[in-house]
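Structures given as structure tokens follow.
Same chain, two partners: chain A is paired with chain B first, then with chain C.
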Partner chain A sequence: MKNRILPMLIMGMGTLYFLVPIWWLVVAASKSRTQFSGTAPLWFADFSLGDNLSELFAYRDGVFLRWMLNSLVYTGGAALLGTLLAAMCGYALAKYRFPGREAIFNIVLSGVLVPATALALPLFLIFSQFEATNTFWSVFLPSVVNPFGVYLARIYATASVPDELLEAARLDGSGEVRTFFQVSSKLMFPALVTIFLFHFVAVWNNFLLPLIMLGEERLFPVTLGLYSWNTQVNQLPELRMLVLTGALVSIVPLVVAFLLLQRFWRNGLGSGAIK
Partner chain B sequence: MRPPMRSLGVVLASALALTACSSGGDKDETATSAAACAPSSGPVTLNFTSWIPGIETVVKSWNDKNPNIQVKVQTGPNGNGGTYQNFFNQLKAGNAPDLGQIEYDALPSFRVQDGLENLAACTEVTAAKDQFVDWTWNQVTFGEQNSVFGVPQDAGPMALFYRKDLFEKNNIPVPTTWEEYAAAAEKVRAAGGYITNFSQSDINQFAGLAWQAGGRWFANDGNKWTVNFSDAGTTKVATYWQDLIAKKHVSTVPPWTTEWDNAYNTDQAWTWVSAVWGANSIASGAPATSGKWAVAPMPQWTPGGAVAGNWGGSSTAVFKGSKHPYEAAKFALWLNTSEEALTLLNKEANLYPATKAGAKLPALSEGVAFYGGQKIYDVFATASTQVAADFVWGPTMTSTYASASDGFKAAVSGTGTLADALKTAQTATVTNLKSQSIPVAE
Partner chain C sequence: MKADKKALLFFVAPFGLLFAAFYMAPIGYAIKQSLYKVERQGTFGKAQEVFGGLAQYERVFSDGPFWESIGRVLLFGVVQVPVMLGLALILALLLDSGLVKGRRFFRLAFFVPYAIPGVVAAIMWGFLYSPNLSPFTAVTSAVDLLDADLVLWSMANVVTWVYVGYNMLIIYSSLLAIPQEVYEAAKIDGAGAIRTAWSIKIPLVMPAIVLTTVFSIIGTLQLLAEPQVFRTFSSAVSSTYTPNLTVYSTSSIPNFNLAAAFSVVLALATCALSFAFLRLTQRRGGDQ
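Then we have the complex of A and B:
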């Protein structure tokens, strides 16, 4: 019995540690501006989340909703497209033999080691050459790239797509592209979900790229938008409640994505680990 | 094609350019910019980056009336939050906007990097000189002839916010000198409150206090920068606050936090020596104390004196490489001198105008309910005229602030003193200037 109490205690403390900030955010976002600094930080005062939300959505012609939409398009779009590219690339590296295969794989793999933040400034200079900064594409295109996804896809394709199956598909007259979409991608599905989630989170968290690239407010993702507001709080204190409420709303899509996909996420992590 | 910004050569060259024009209007600088300020033919579009909340509204009103000079707004976080770095990146890449918002303390860093267009050749700009409060004009000209590196936008003249009700209830006279302020601090402490909170991480407040006391941190004699964080004025201020901290007569919660708001909201902090925009910070952070505040002139170092400090303020600058400096300057002037724009800026973002006429805006002549109906802006209008004009910012303020703020935090927690912190900041600043090949006298 004793040896179960200790782990439970540690886990409980860990859970508390992670949940308290979120709890604080929920409570803070439910308070009116006048009560925010005057009432207990971890318990509710008068419940005015509704007012805060309507103020947030109405502020500056609903620019916040636009940011949420942008974030979903940047991250969702880039994650979907990036997963497809990573899957095709990893699959090709796993299943086809061609000269330079390992070299390509190693180059892609070394890309995993380069943090996205280190690439933001060079990317800005490159996009400047094409006069394409401050556009949707300046954030979207770099976000599609995902070397870690290629790595995962290759490992998983090697393990889960048998060569015999591909032989059989070829004998039955299926083209390579059709085989990939109708046979192989189905076998790789758990890995694809993992790649998608990893990619989704990576793009969502890549704050520096939009910060450097974008100046047009209507193109901001929600992270950059809220950060901008937050830096203006000293000048316009009214923004504080909008930032808090906005932060609460902005984590909803992530929570939803995780709740829906956590089953696959766990599977994918496990299979990535042993194979 | 634009040379790489941070390369040694450019920094040296710009430092030399600085030398050239600061030694009394030498040929090069004026000659090149004279040619630069001519009207463009046909309609132009200008890019303008600013983080002022609601700036779009102000710009729209310009665009409606000036079909031939359309201004496109770009926005982002505040200067030190990333926009300054973006400006430097954009200058490097050759796609900087035509105009940008730059705070006074950041202007020199853009100048030594050769990032700004000198507007001295634009006659409309130089003619506007007298419209601005003297010291704000000096912030953009650096006190030199033939150089105007931006148009002053807003100012942060300082005064004393205090809890009128609590001072009256406890029979404490409202301090008019710093000596009285220290005496009041003791009485306030005895009554269970703190006279104020010492800003441990926002060095700008301290800079404003030093500015008032005659501290001059930087100087440029045309050849070299001088850095001095231990002149008589600054030392006086540092010793004064060190004493209050040591006696625990001031609280030291980090500024701009909920904790800090809460101290004001719950009668824990009784005064704040702050800039004009602080009126809104208190009103919003301490709503429970509405009607109980008042504003008095900043405490003085000599009885009967009339000197104020400044905290904050920014300018609208035209970036090097703008194809339409004439139109850009025209817009910057409208933005920062026209009653229409100043009224909008004040309404949208609480900006306090840098012009003399701006201090008389209708919105700034009314009583403010939060301050018991007092016409508080009259106090600031007077304060604005009492700010010394010869305070110069250095070219590396970001790192100076960071270094001083580390030392201040240590001093507040009892390991070291404010004087130590300033000494460290001085050494760090000199090192930093040297590492950027900016000539510095020791």
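Then we have the complex of A and C:
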């Protein structure tokens, strides 16, 4: 019994470290402007979260809601499409033998090591050649590509789709593409959710690409929008409460997604790392 | 297995095309851009892009602030990456040790910060550090966490806070994959929890630790969102504080050719460091 005290103490301290800032944000976002600096920071005063929220969503014709929706479309769309494409490519690299297979895999793998931010500026230059910067597609299309997803999909496909099954499907007269969608993708499904989740987080967090690409506020994802408000806090102090409330709202979708999809990331995450 | 060409094309081409367009082309384009320079005829003449050879790279290599910023992120990485991964490893080992009750709760609690985008995390911590806004005024009024000496480590704390749980989970899931039989011999030998962790668990999860280290090195050299946000809170963070901030501020001058050269050097440095680290750990693994 005695040697359980220290481990539990460490876990308890860890919990405080990780959760107190979030707790503080929840409390801060529930306070009125005057009470924010005047009351105990880690406990509620009069509960004005509702007022803050309606002010947040009303501010400048509801631009914040627009940012949230933008983020959901950029991120959800890119992660869905990106996971599908990565799964197909990784699956083909795992299950079929063809000339150039290893070369393709190695090129994609070295893509994992290229920092995404090193691509943002040249992407901007390329898109400006086509006068396509400051558009939805200039942020969306580059976000679809996920080389690490291909790497993971290849590992998962090797592990979870037996060759015999593909042979059998072929004997039944099923085409390769149909077999993928009706059989293989189902076997890979838990892995695909993992790839999707991490792709989602990566795009949701991406900051440099929208920062460089977008000038028009209405196209901003929520991170860039909050950032732009935060840079104006010194001139417009009333933005402070909006930044705090907005920060709280902006983390809700991902936290909910993580809670709902727990069984996928809890043990599945990092299976790729073991190989 | 063999596959017909059409099916292969269907599987590989969509990703391949996008990868070529949005990964390979930008790299090629950046290299090309970095070899050009802008020339003007007289002070007010029309600007013209002409081939400049390695002129931009000469500027990169003689650019003091850029190398200072590289030094700064290297220092950051040398301290922050081991601290973060050390914490992640300790927490993962504790979760796996059977000495902890409420594993599900802790796993979730430690992982939640990962759901918070770097920009938002930096804004939150910026408030927490501010002398007059912080809930921890006892600390922030005594030490200025945002001054030139400490702001780097204040940012290190933000990055650590976000990523410990993520790295812990990667290490923890590879701990879960160790078959139970491996521990039986240790049990018979009477090895305690610490001994087992040190001589069995850590060597077996080394591949996961190597992977998280490589990702952390890449992340460190790319630091951008945190310093960019902290510029609002602290005057100590300059526009060339990290290499990526340098790239960004050079491109908004705008000097695209020089910014492209910065990007290329930074990408090469990142790849080189990651490869070097992978090599180093593989060689060590081979000796054993």
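In this text, the second predicted complex is superposed on the first by the 268 of 275 C-alpha atoms of A that agree within 3 Å, B and C clash if a C-alpha of one lies under 4 Å from a C-alpha of the other, contacts with A are read in each partner's own complex, and residues count from 1 in each chain.
Simple rule for what comes next: a contact is a pair of C-beta atoms (placed from the backbone, for glycine too) under 8 Å apart; a residue touches a chain by one contact, two chains touch by 3 or more.
Note that the coordinates shown come from a computational prediction; the quantities given were computed from them, not determined experimentally.
Peer 1: Since both structures carry chain A, what do chain B and chain C do when superposed there: clash or fit?
Peer 2: clash
Peer 1: If we overlay the two complexes on their shared chain A, which of chain B and chain C does A:Pro41 touch? Say first, second, both or neither.
Peer 2: After superposing on A, A:Pro41 lies in contact with both chain B and chain C.
Peer 1: Between chain B (first) and chain C (second), which, if any, makes contact with A:Ala86: first, second, both or neither?
Peer 2: So A:Ala86 only meets chain C here.
Peer 1: Spot which of chain B and chain C makes contact with more residues of chain A, would you?
Peer 2: C
Peer 1: Counting only touches as set out at the top, which of chain B and chain C does A:Thr133 meet: first, second, both, neither?
Peer 2: The answer is first: A:Thr133 touches chain B but not chain C.
Peer 1: On the A-aligned overlay, A:Leu125 touches which partner chain: chain B = first, chain C = second, or both, or neither?
Peer 2: It touches chain B and chain C both.
Peer 1: With both complexes superposed on chain A, which partner does A:Thr231 reach: first (chain B), second (chain C), both or neither?
Peer 2: Touch status of A:Thr231: both partners.
Peer 1: May I ask you to decide whether A:Leu239 touches chain B, chain C, both, or neither, giving the answer as first, second, both or neither?
Peer 2: In the superposition, A:Leu239 contacts chain B only.
Peer 1: Once the shared chain is lined up, is A:Pro99 touching chain B (first), chain C (second), both, or neither of them?
Peer 2: A:Pro99 sits against neither chain B nor chain C.
Peer 1: Looking at A:Leu211, would you say it contacts chain B, chain C, both, or neither? Reply first, second, both or neither.
Peer 2: After superposing on A, A:Leu211 lies in contact with both chain B and chain C.
Peer 1: By the touch definition at the top of the document, which applies to A:Gly173: first (chain B), second (chain C), both, or neither?
Peer 2: Neither partner.
Peer 1: Clash with chain B: which of chain C's stretches 1-9, 109-117 or 253-261?
Peer 2: 253-261
Peer 1: Based on the A-chain superposition described above, do chain B and chain C contact any of the same residues on chain A, and if so which?
Peer 2: Dual-contact residues (chain A): 37, 41, 121, 124-125, 211-212, 224, 227, 230-231, 233-234.
Peer 1: Which of the residues in chain A end up touching chain C in this complex?
Peer 2: 3-4, 7-8, 10-11, 14-15, 17-19, 21-22, 24-25, 28, 37, 41-42, 85-86, 88-89, 91-93, 95-98, 104, 107-108, 110-111, 113-119, 121-126, 141-142, 144-145, 147, 150, 163, 166-167, 175-177, 180, 201, 204-205, 207-208, 211-212, 223-224, 226-227, 230-231, 233-234, 243-244, 247, 250-251, 254-255, 257-259, 262, 265-271, 273-275
Peer 1: Show me the residue ranges of chain C that touch chain A in the complex, using the header's touch definition.
Peer 2: Going through chain C, the ones touching chain A are 1-4, 7-8, 10-12, 14-16, 18-19, 21-27, 29-30, 33, 87, 90-91, 94, 97, 99-102, 106-120, 123-128, 132-135, 161, 164-165, 169-174, 176-177, 193, 207-208, 211-212, 214, 218, 221-222, 224-225, 228-229, 231-232, 244, 247-248, 251, 256, 259-260, 263-264, 266-267, 270-271, 274-275.
Peer 1: Quick one: which bits of chain A touch chain B in the complex? Just the residue numbers, please.
Peer 2: 33-34, 36-38, 41, 60, 121, 124-125, 128-129, 131, 133-134, 211-212, 214-217, 224, 227-228, 230-240
Peer 1: Can you list the chain B residues touching chain A in their complex?
Peer 2: Touching chain A from chain B are residues 47, 49, 51-54, 73-78, 81-82, 85-86, 89-90, 92-95, 97, 256, 258, 261-262, 265-266, 277, 280-281, 283-288, 349-350.
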